[in-house]
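There are two complexes below, and they share chain A, which is joined by chain B in the first and by chain C in the second.
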Partner chain A sequence: MSDTPILEVRDLCKRFPVRGKGPFAGKSWLAAVNAVSFRLDKGETLALVGESGCGKTTLARAAAMLQPPTSGSVRFEGSEITGLGNRSLKPLRRRVQMIFQDPYGSLNPRLPVGAIIAEPLLVHGLGDKAERRQKAVRLAEQVGLKAGDMSRYPHQFSGGQRQRIAIARAIALQPCLVIADEPVSALDVSIQSQILNLLRDLRDSRRLTYLFISHDLAVVRHFADRVAVMYLGRIVETAAAETLFDAPRHPYTRALIAAQPVIGRGKRTAAGCLSGDPPSPLDPPSGCPFHPRCPLAAALCRESRPELEGDSGHQVACHFKNEGGT
Partner chain B sequence: MPEVLETSQDSAAAALEVRQLEVVFATDASPLKAADKVSFAVPAGRTLGLVGESGCGKSVTALAILGLVPPPGLITGGQILFNGDDLPSLPERRMEDIRGARISMIFQEPMTALNPVFSIGSQVAEALRIHRRTSRPEAWKAAVEMLARVGIADAAARAGDYPHQLSGGMRQRAMIAMALICRPEVLIADEPTTALDVTTQAQILDLMMAMQRDLGLAILFISHDLGVISEIADEVAVMYAGAIVEQAPAGELFERPLHPYTRGLIETLPGAGPRLPRLAAIAGQVPDLGALPRGCRFSDRCPLADDECGASEPTLAAAGERRRVACWKAAP
Partner chain C sequence: MRGPMVDTADGMMALALKRFRRHRLAIAGAVVLAVLASLAATAPLIATILGLDWEAVDLLNRFAPSSAAHPLGTDELGRDLFIRLLYGGRISLLVGLTATVVAALIGTAIGLLAGFYGGRLDALLMRFTDSVIALPLLPLLIVLAAVDLDKLGLPSSLVQSQYVSLYRIIAIVALVGWTTVARLVRGAALTVRERDFVLSARGYGAGGFRIMTVHILPNLISPVIVATTLSVGNVILLESVLSFLGLGIQPPIPSWGNLLTNAQELIWTAPGLAMWPGMLIFITVIALNFLGDGLQDALDPKATD
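This part shows the complex of A and B:
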């Protein structure tokens, strides 16, 4: 681990304008990501977890400058990248790559696999045609595809194979940071573990750093070094993976872990089940955003929002983080 | 080789029993057997979990029960026994009386299963209007009561809402209300929580269990998620490439899986135990139904496979008191 983190995000906000109802209604703002800070060191895997709509994807996209943040700072290998234009961001694009959830939607159906994998090389003007082709074959073999697959088209592959193609494309430019947005959620269980193993092998052989987005806590527990739990656009708890799963301190983290179905625990009992739905980010609750669903909520929680506090190893945003047991 | 067990022990009290069901899709190349000699029974008040990966035939089996297999699919063999009737041989008119009233179904994606231009109240009431010929105001009243029972707060006001005004969890509750309003004996749930977040999923599973207790429902619960199946099912049937390869009471199945495929599925999951550097994996991919390996359908991916497995297909045979497994290598 070097001293300069690969990625350092401070007070990042991303807001989207939302038109009100009716022709004369003013604009209002939806705060998808709200004052989020985190750092990601070289070789580390940080997982962002949370339920749909909590802002984990928006956060990752803003941090990679795919959607410029509304405010806040993003430092990539020590230098500020917010405010840079597309041209100045191009070198950065080489070093940050993404893998998406849906391998059916993220591959161009009209390109053969060889061209898909070589496209990033073409875009960045690396090598001549023969070199690119050679490199694409090598990449394909590294992710477990055959050289003979290069002239086939995405629709001829299963979901797992397609995700391999997407991974080969993502590592073609030898990035140092890979943002994987639910990379195994669309895959069958027996394929999920193959892809997770591949991602781990690549991390070891290429010293990749991952920002790993997932809603599946079992996968995160297996794959991540550190975990940040998001709720309604904010990080509510962050800690090393083992600490977070063994001794969660935020009531939301505890509820998430309790709600995760576990094999062999026998039939479920209704205990510890959160009631209600996450509130709308258009109309967030006062005070702590989790208080309407929180079993520990008190008057204080309705009035003031707890800050994310704690030592760098384990931070929690809860007024009662030292109470409530596990 | 003896024929597959004729009936399971629960069949006396079974609300629904499927025997040797075969569903074939006629394609240009060769007919594909999407369900191959599928047999199971679901007793009243119990839940059978049907688990398997995409394309294994679990949804086709469910659709076959309701007589909804889409063309070019056809039921080519077997029986589906409900209340002494064999459903595939009933005329469509009688099937219409059963479907939605005595056997109903809920789907994965409530946004597409609900009609966007009718309020949820009227969609729940519609089932009563059609099946029980209830008057409009009475059906509405019953719909509001049902919506309240499935946990929709302020049901009287919410009943006038349209599907897009509800959250995913609320929509799934509305769909459950729709499925249960006629007090069916059997509920088929096809991946009912797959599109939901974990905390919402937990709520819906709890709701289904509560409704099962209240109504004595027999539930056929289809899912690819072993964790969910483990938490809701009494009995589990594992499907692979069109056939049931193992069936057992849930506790025994997860504690001591007998079929190498079941074992593989359980081992590939990142578990609650110590973190391992690598996950176990089942080699290869699910075979195409048109190109199943010779002999056992799992033989090309099975770590235990030998010549015998490639030569002939094992049938689902008894392994212990309440278990069945289709494997030459499974030690009972």
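This part shows the complex of A and C:
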């Protein structure tokens, strides 16, 4: 662990201004990401999991400097990247790429596939036109598209093929870090595994590091080395994937794991299921943000918020992390 | 899972063309406009063939009825009405097209900058747009039409040119006509810039200019084309109004608008002089509107099949 991590995020916060109702209501702030810290080592795959609206996507975009964070520090290969202007970020843009959830929205409908894949090369002035075209064809073939697809438009492809196009575009610049924001959740289950296999092959052949965002624990379990569970803008538990799934210590993680659909095991027990909706990030609960839904909640939880603690292998933010078995 | 999609390289255009073909009125409009435009474009050729001249005065032959020599008769100076209508069409269509294209370019640039950059630039540009909209059009046009170009320091070759009223009216219309397109483009740019492919372009380091021209503009061009088509008709009408007020294209150069002006005192003597240019303006504007409607349906990205 003495190496510099590829990405190191410390106390990252991202708040959005929200206008109140009525003409005289003041502005309030929505804290989408709240004091999040994590590190990502070379070659590692870190999965961010959590419910919809817990801040996963915002965290990823803030870490990639697509939405500048409100406060906190993001270090890429040891150097601070927060507060940099677009021009100074350009070298970073070459090494960090994103894959988006919705392959229907992430491809410009007015550009043919060849141009889409070659665009990052064009933006960074790599190669001449013929070289870029050749490279785009190679990339397309690498992700399982045909050379003949290059002159077609995104709307002529299925969701899975579009995600392949997006992946080809993401690896065109030979990045070292790929931030994949729910790359398979918009796809059919049968297509999901193909795309995941493709991502895994690319990870092995190109030694990629992934920040992988998902709400699908089954996917995460098979894909990630390490998992960070987010709840209401904070990381509540982080551990190696096996540890987290075998011995979850935060009640929220346990509930998430228990909520997974399982084939052939009769009815799920109601005990593990969460009741209620996640609280509004506009008006977070006092103390531990999870206490209104937590089966272990006690008076302490309503008053003070537990910090993320533990050794570097397994960290939990819960007052009762050492108690309450499964 | 390849849905009902067209399997050609230019699927998008093919689809649009297919939708457009179903719009009969729009096809009719396009045909009418094509005929009018080609007649106007070939006016000198037609004049030579018929042996007529748009400037030839024949005082012995005033208000002649239509005949083989003068298909639509002659005006109060004995000039051939048919040829003057064709030449007038050249001017009117030219003014309509050039002024709207220039206005659309200005409007697109302003709207794109405002919508893409947002914030203060947006506020500034949009308040500027609002103030241009708030100016009462006709008095402004009258003032602008009265500006002495000599005093603006323009080259005298331009000021002395007989076509100066033509350039002047194109400039005036373009300067006040860009607001609709600017608002339209700004609104569309605000939507498009939030789409993932724009974020993704930012993610691989594309600059503002590239994002605006490659990613945003092509995705909002259809409403601009439609709005521009529809406003060509308005500009032709505006030119008629200005010429009718004596502030537009100056005789002897004919335009449909000033042909109409000329005819106003002669309406009882020679109704044809007013009827024909009026009819042509009417037909052109209607055809443009049908064409615009058809384009709107054809280019609507939400329309299926």
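Just so we're on the same page, the second predicted complex is superposed on the first by the 320 of 326 C-alpha atoms of A that agree within 3 Å, B and C clash if a C-alpha of one lies under 4 Å from a C-alpha of the other, contacts with A are read in each partner's own complex, and residues count from 1 in each chain.
Everything below uses one rule, namely that a residue touches a chain if its C-beta (ideal position, glycine included) is under 8 Å from a C-beta of that chain, and two chains touch if they have at least 3 such contacts.
Computed from a predicted structure; not experimentally measured.
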Chain C versus chain B on the shared chain A, clash or fit after superposition
fit
Give one of first, second, both or neither to describe whether A:R221 is in contact with chain B, with chain C, with both, or with none.
first
Using the superposed model, determine the angle chain B, chain A, chain C defined by their C-alpha centres, to the nearest 10 degrees.
80
Considering only the touch criterion stated at the top, classify A:S158 as touching first (chain B), second (chain C), both, or neither.
both
Go through the superposed model and pick first if A:D277 touches only chain B, second if only chain C, both, or neither.
first
Would you check which partner chain A:Q192 touches, where first means chain B only, second means chain C only, and both and neither mean what they say?
first
Applying the touch criterion given at the start, work out whether A:C288 contacts chain B, chain C, both or neither, answering first, second, both or neither.
neither
Return first, second, both or neither, reflecting whether A:P261 touches chain B, chain C, both chains, or no partner chain.
first
Which of the two partners, first being chain B and second being chain C, lies in contact with A:A297: first, second, both, or neither?
neither
Please give the least Cα distance, whole angstrom, that chain B and chain C reach in the superposed model.
6
Which residues would you name on chain A as touching chain B in one complex and chain C in the other?
158, 188
Chain B residues within the chain A interface of the complex:
53-54, 167, 169-170, 197-203, 205-206, 209, 224-228, 230-232, 234, 250-251, 254-255, 264-266, 268-272, 275-282, 285-286
Of chain A, residues touching chain B in the complex:
51-52, 158, 160-161, 188-194, 196-197, 200, 215, 217-219, 221-223, 241-242, 255-256, 258-268, 270, 273-275, 277-278
Within the complex, chain A is touched by chain C residues 1-2, 5-7, 9, 11-12, 195-197, 199-207, 210, 214-215, 218-219, 301
Footprint of chain C on chain A - complex, ascending:
61, 64, 66, 86, 89-90, 93-94, 96-98, 100-102, 105-112, 119-120, 123-124, 151-153, 155-159, 166, 169, 173, 188
